[in-house]
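Below, chain A partners chain B and then partners chain C, in two separate complexes.
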Partner chain A sequence: MALGFSMILGVSRSLNLAHGDLVVLGGYVGYSLWAAAGLSPVLLLPVAALALAPAALVWDWLLKRTPEPKELSSLVLTFGLSLLLQTVMRAIWRGEYRLIAESSLGASLQLGTLALNRGRVLAAVAALAVVGLLWLALTRTRWGQAVRATSIDPQAAALVGINVDGARRSTFLLALGLSGATGVLFATLHYVHPAAGVELTLMAIVLSIWAGVGHLRSVLAAGLLLGMIEALTVTGWGPGWREPVVALMLLGSLLARSGGLARGHAH
Partner chain B sequence: MRSGLAALLGMGVLAAVPPALGFHPYYLFLLSTAFLLAAVASAWNLLAYAGPISFGHAAFFGLGAYGAALASLGGLSPWGAIALGGLAGAAGAAGVGLLSIRLRGAYLALGTLACAELLRGLALIWSEVTGGGAGLAGIPALPVLPWLPRVLTEGRAGAYYLALALLGAALGLFALIRRSRVGLAFAALREEEERASLLGLRPLPWTLLAFALSGLVTALCGGLYAHVVRVVEPDLVFSRHYSILPLVMATFGGLHTLLGPAAAAIALYLLSELVLHPLLPALHQVGYALALIAVILYLPGGLAGLRRGGRRAHP
Partner chain C sequence: MPILEGRGVSVAFGGLSALRGVDVAIEEREVVGLLGPNGSGKSTLFNVLGGLLRPTSGEVWFRGQRITGGPPWVAGRLGIGRTFQIPRPFAGLSVLDSVLVGVTFRTRHRYRRAADRRAEAERLLGLVGLADKAGARAAALSLGEMKRLELAVALSSRPALLLLDELASGLSPKGREEVVLFYARLRERGMTIFAVEHSFGLLAQVADRMLVLDQGQIVVDGPPPAVLASPRVAAAYLGEEER
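Moving on to the complex of A and B:
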């Protein structure tokens, strides 16, 4: 049950209430390209990721300018951005439900005695690949060092000669690119519609609370756990229960980790 | 004092509008919705006066709407039903307020958002009581008051004056609180919670009171709305718009001021419906989002700066 997409979701965290809406936007962009040009979903991933690059620059610019108290202001600001995105998406795609229904993805993959849905396998593989690459990039490259240093202490990072603004900007580009790619994966598995973003945002917050900010491997575990709880809820009680359960999990996690999420930014 | 006079004057002018418009139903409906939103924005502002920033006022609005609709369909008179809905909203809001024991600031805001989403989801599922996604229809209309001229209480005009009265009551409540010891306690907790509690002020009861009062006013609006529109649906009354619009309007109009949120609510709503809607039918909500972003970015200090401005505005 869509474990893959929830894993990716956890990677690109910040107190960004428009996060889910960006994922949905990625899904719609992917859908339009698929419907218009018939691109294969694998090719759609990088295209949708690139399509969100302008949004990333806007987000970076806006969030850099939010005043103190940073967390509350960014929350309010992105709440507004979320409304903006939903309205625009509703205007362009008219609130219709869209699905990237590529026939090759519906086919099942025979693995010995296991029959797996190819779309889900693709999502899971892509999610694992992205998390792996991101982990390598963050721990093994100079860029990763810069990003991590900026996240821990921007002033100190600037003092030792790290381009803090650059690191910030590339983080936003990467995070929103991931959202776009996630959106495509999401759209191959579920119908996207403009209001779907809220639930995705709440799930992303739950995941980052569970995993702790910036711990990529715990994000994988948390993503698996959340995906399983979601799947059990849907099969046990029916799909209507998904949203309330996600909201309940958010409340519970917030209360349990009231001091958590110490900083606004992931990595 | 001056803002109180301005409010009374404004109310008098607004009360004279329906005859001037010839009781045109569409404009009356538009204006009464604007007043309801203004009252919700004032209620939101009342809570913000005590500190918490809410992302979940839709929860209280929806509780009021559903509470009133159910009571009314159960045979209670609409007035009693709206009052009952208001109490349901106050109780629900106090329940949400309990989150403040563990959560602060941005995390409390997220908690209120989660509560609103939770209630919306429950209203969708619990179809034996709430009618599920189809909602409840056939809510009785508000009765005509026998001792007033018919033209003032019938149909849209009746809703107009009731919404205006509710807005007046919300503003009156806020003005009263600001001048009383309760308001001092709210402001003290908002600005310096630690120092206030050292002085012997226990935060929780005051925060719960602020939540309950804010929830009461919001839920009364919800109940009135249910009886004007005569249908309630989860996606209608628990819509996130009732969480985000009060926040936008109150922030835009000036946090913690008496008239700012209500004035901004009426102005923004009418601008959005009368100007933006005909120009860009699909995009008219964009105005709210842009207004919010502009306020956060360009008012010095953003929310905190407005807070300081608000403190200067009253003794």
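Moving on to the complex of A and C:
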């Protein structure tokens, strides 16, 4: 999820405050298909990813038209889009808590003396696979070169003949596709509800600050660290403290890294 | 037919006119210098000619094809290369990868094999004297090295025309001598060049013809000696610059 947020920030200098809501939307789409057709969560991943393609095109179109400074105007626009998405999801799914309660994912996987939840293992394997594939795509393909160059300097990229609009559009499609698929994984582990995206967006921002824009391996490491801090918080103080602790980490990260979100574009 | 032609190019930023009906034509294999005081509209004219800025009115034609109004990457694909006054390297990439971007996306003389693209990028780095910096980060280079890298990136797309924006500014006397050599080398290769420089003396060494821009208009167009002798040039520009 944070990868998508970070890629959008890199390629368009836009802070997508609706990122978590798009993940929740993916979760709801996945839930609906699972409940109606009984599709396996593994099959739901690409379906939910594709379902968010129209939203990716709308996000790209809207954010391309925001005035300078992009970072600020995108905040205002996507805050509105976040509220709109929450209202739409509340209207469609009536604000009820939904879970993809797939029994096969609830079972535990025995690794020696370790008993691991299958759903969490699936999420971890999917995250690792996505980071690996994305790293290969960004560093070894023509598309990756276009996206990296566009993230660094769209004008300079256009001067060497790169279709910067195409690179940007494909990044939005990929980022929101990842959000859709993440939503399915999220819905297998947590109850989804229309307001659940706020916390997810907060996490994406914290991870992007920690890792720097587009640093794939750092995003993965930061994700693991954030997960551990969250788990310790919940264990020690209870689930009510999770959100305030993430917000405090965001504040601390911003104070500690004056370069903030715009720092670095390497992969 | 000129390789590049700007017809009646005007650009206004709000109420401020940066360019006012500029007509400019560059012939194939010609080296043309553009002079003008700060704020005269030189970089704005380059942005319009290079397809990065849509003019308020007027048109730009490159090899018989109208490029105004099209997307910004069209000019690069058709064969216009460009450097910036303040170098803009691909900061997160290595020096070699920066040049590889241009080699990969070129539309002429493309290489299918990655090894050939790499060899071409290394050849271009050798041409600008950066072969030993291939592995360095582009953002870590000195100003002079960044300008050379930008030239290599501009050459990487095999352009027919180069728009060079103050390649020599900010460089040491030795660096400026090297820039003069670069111009000579590019001219030998048959490159068409339209170059902005602050130094009249440097441009006079390399240019066939010079244009002088003042307050958004071309006020003088001719060979260097004629430009130097022009009273309008003295009034608009040379009074404050080295002769």
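The rule we apply is simple: the second predicted complex is superposed on the first by the 248 of 267 C-alpha atoms of A that agree within 3 Å, B and C clash if a C-alpha of one lies under 4 Å from a C-alpha of the other, contacts with A are read in each partner's own complex, and residues count from 1 in each chain.
Note that a residue touches a chain if its C-beta (ideal position, glycine included) is under 8 Å from a C-beta of that chain, and two chains touch if they have at least 3 such contacts.
The structure displayed is predicted, hence computed values, not measured ones.
Once the two complexes are overlaid on the shared chain, A:Leu248 sits against chain B while remaining clear of chain C. Once chain A of one complex is fitted onto chain A of the other, the partner contacts of A:Val234 are absent, as it touches neither chain B nor chain C.
In the superposition on chain A, A:Leu72 contacts chain B only, with no contact to chain C. With both complexes superposed, B is the one of chain B and chain C in contact with more chain A residues. Contact with chain B, but none with chain C, is seen for A:Ile205 once the two complexes are overlaid on the shared chain. Look at A:Leu83: by the touch rule set out above, it reaches chain B but stays clear of chain C. Touch criterion met: A:Arg142 reaches chain C, while chain B stays clear of it. In the superposition on chain A, A:Leu57 contacts neither chain B nor chain C. Contacts of A:Leu225 after superposition on the shared chain: neither chain B nor chain C is touched. In the superposition on chain A, no residue of chain A contacts both chain B and chain C. Within the complex, the chain A residues that touch chain C are 142, 145-146, 148-149, 151-153, 155-165, 214, 264-267.
Residues of chain A that touch chain B in their complex: 15, 62, 65-69, 71-77, 79-81, 83-84, 86-88, 90-91, 94, 198-199, 202, 205, 240-241, 243-244, 246-248, 250-251, 254-255, 258, 261.
Every residue of chain C that touches chain A in the complex is listed here, in rising order: 50-52, 71-73, 75-77, 81-82, 84, 88, 90-93, 100-102, 104-107, 153-154, 156-157. Chain B makes touch with chain A in their complex at residues 53, 55, 99, 102-107, 109-111, 113-115, 117-118, 120-122, 124-125, 240, 244, 247-248, 251, 280, 282-283, 285-286, 288-290, 292-293, 296-297, 301-305.
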